[in-house]
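After the structure tokens below, expect a handful of questions from me.
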């Protein structure tokens, strides 16, 4: 069932300890900052987090990690110039890391949403990231068996939602949103604007409302530029 | 198959980063779809001409990426894979991450240009991880780029700061992809790599014999395998 | 676990096709996403109320499908899976075939309503092929629908024209899906199917004992397993 | 390289005997009728055709089959009230049939475009269509191994193309177009309209031009309604 709620606190209130939480965004674009802050405030712990990165600076996901609320990161690019909270936890052996090539991350998330039990891909073949994984020669190439990444919850950001929960995004802020929305049992979306049902052209809906459970309007969250400013 | 100085193009001096980027840009066939990796490969975009009609892909979800954004054009929702604000050209399109990597992984990109730590004689690429003890690994889209594009070009200096060749018999760094690199652009020479080993297409301020002394794998001259004129894919 | 007449709902007479469609419609929880198969299941859409806020999916690429189109509203580019012209409701969306079947196969549909040749005691469905020698097989989306939806409801007459029960111990027709049917709506009774066998939720103009004589698998009454009030999923 | 050509004849001229040809459309919606007619005229034979159906009535794909130009059909729903040409060839043993559940057809086509070497899906498990196929218990369900369907050529119909070959579709005529465009080595598109580059909103492009090789404008082919009329 689709719910529209008035606050990010209400939006994340149902997230339980031990959940697997997908968080959208690539860099600042598409990061649901306010939902992540609310997740920090709500106290849920022992989380497995799926995101492209492992937190940056002293905000959002980085703080979740700093506070010890993340037991495992599934991501493609944890190490950055400002990923100090992850770095510290990782070196202390206090956080588990599943490092996944970015395209495998995307495709494994997509597989979860699409009901695919696993797939073979050439990406990673012959590398340390494929060690111990099943391989098979298909279509003239060696390929590696990869499995879907399911989640209990997805926190994503979109530009607009209509009354049916249909979503549109903005430019490269689209990134992981649509596939995470499909892969999670509960999808929580922050949008800059809620428009009347019928205001979105059915040809241009990117995420159909069937993938959306909770929508919260966060004023001014339409562009990461505004956040950065 | 012996090295003969007259069989390949040469120039008087090693190429600087910008000259190398200009050369790579010139080698990209008109109408190509291209992904430029983070770092040195990004320079290539400065030398693509309008007549070439090249479409740039950024794996975070866009085709038709324009130059880096400046001033009022900066939009936090419009960034490239290096998280740098960029612009949008007419005819651009946006898509989600799985669709974007499907473009790459499905073999639809003509060329991907990447930096590298090492390239092996048979085109293995090492560019994602030094493998140093205690280093935190981060891979991003490197393995997808290495595996997916029709041609993978590497841009790098031929030698490390310590003077070791980055073209090697077998990678000592952890590999990013196996047998994926088709061409290596360096300050001293352009190499073609593949199952049959390494062929030198042209040299810059160095003789083939001198080059062979620097590189620990057998080099063939381009003419010997009929590749003299293969300047574009 | 014995059959007791008082433990389930009954009505005076067998249900006609429209009455059955009305019953199925009533049983669909508000806000559900539903796919109605070709044939008898299509009738269900006539009895869905606006208050129920049901969204209909058609696997050829649409959510928010409206009623069949008539007159000037007929548009050849807007058809349902049965290739009948339909209409678009506010809040609709279009997508390509792989995205559309991902909705189904990924388990996102709440209910799929299908016709059937046979349903086994454990919910195996046979509805795609008679298996007759020489018959040309055609499957369409039947197997995806059977496998993907959270609940698969079957609508059918209980008996064949020859009087044989379509609820069977094991399907003799080729199966469409294994253990997928959760509920069977027939003219004579509503059955719940699953790993534990067949439970009768209500009967129409027939006693449980009479029903048991028609159906060659052991029937339980709903009250016996605490399902008396489970009218909606 | 992207080409704009003036006629459907020129568009299909490069199709060789023995090719695997994907043909878009579901029912009349999205069927590239004019391209199919041109394929019939151009004489290519020994074709493997991928389509949801196996021809209807006495037009298009049905005629290709009647003329003996199709050695194999890969489809989900060959048998219809007016599929008499396929029926006759099939009963005479003159055409091979690979019957594929519709969702597997779509996902296998998608896999080819996305570089997936194979995948596991629950669809078809335990049925005659999965006989002889590898099965595996994944995510709590028995699943069947399916492989990608590649093609030499795709013939599809879209509403509009811009100068970069970007495509938008119309309503349920979208169906197989986007995934076939990605799965084929050569994608040939008939459109109702060619618009200037920049006229399509980048947010709303459905098939990016990278998947398109040849575009031909066919006047009045925007709606199957017009065709039927």
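Letters are used for the chains, namely A, B, C and D, taken in the order the chains are written, and counting of residues starts over at 1 for each.
The rule is short, and it goes like this: a residue touches a chain if its C-beta (ideal position, glycine included) is under 8 Å from a C-beta of that chain, and two chains touch if they have at least 3 such contacts.
If you're wondering where the values come from, they're calculated on a predicted model, not measured in any experiment.
K.L.:
Spell out the chains that contact subunit B while also contacting subunit C.
P.N.:
Neighbours common to subunit B and subunit C are A, D.
K.L.:
Report the inter-centroid distance (CA atoms only) between subunit B and subunit D in whole Å.
P.N.:
Measuring from centre to centre gives 35 Å for this pair.
K.L.:
How big is the gap, in whole Å, between where the Cα atoms of subunit C centre and where those of subunit D centre?
P.N.:
Using C-alpha averages as centres, the distance is 30 Å.
K.L.:
Considering subunit D alone, which of its residues make contact with at least two other chains?
P.N.:
Within subunit D, the residues that touch at least two other chains are 107, 114-116, 121-122, 169-171, 202-203.
K.L.:
Residue numbers in subunit B touching 2 or more other chains?
P.N.:
Expected reply: 62, 88, 94-95, 98, 102, 104-105, 148.
K.L.:
Classify the chain contact graph as line, ring, star, complete or other.
P.N.:
other
K.L.:
By the document's touch rule, what are all the touching chain pairs in this structure?
P.N.:
Applying the touch criterion to every chain pair yields A-B, A-C, A-D, B-D, C-D.
K.L.:
Help me check something: in the complex, which residues belonging to subunit C touch subunit D?
P.N.:
Result: residues 58-62, 74-80, 83, 88, 94-98, 100-102, 104-105, 124, 129, 134-144, 147-148, 174-178 of subunit C touch subunit D.
K.L.:
Given the complex with subunit A, which residues does subunit D contribute to the contact?
P.N.:
Residue list for subunit D touching subunit A: 107, 111, 114-122, 136, 138-139, 141, 143, 147-148, 150, 168-171, 201-204.
K.L.:
Which residues of subunit D touch subunit C once you look at their complex with the stated criterion?
P.N.:
It is residues 26-30, 76-80, 83, 86-87, 90-91, 97, 99-107, 109-110, 121-129, 142, 169-179, 206, 222-228 of subunit D that touch subunit C.
K.L.:
For the complex, give me every residue of subunit A touching subunit C.
P.N.:
Contacts found on subunit A: 1-2, 112-116, 162-164, 166, 182, 197-198, 200, 202-203, 205, 208-211.
K.L.:
Going by the contact rule at the top, pick out the subunit C residues touching subunit A in the complex.
P.N.:
Listed in rising order, the residues are 30-31, 33, 55, 57, 62-64, 88, 90-95, 98, 102-109, 148.
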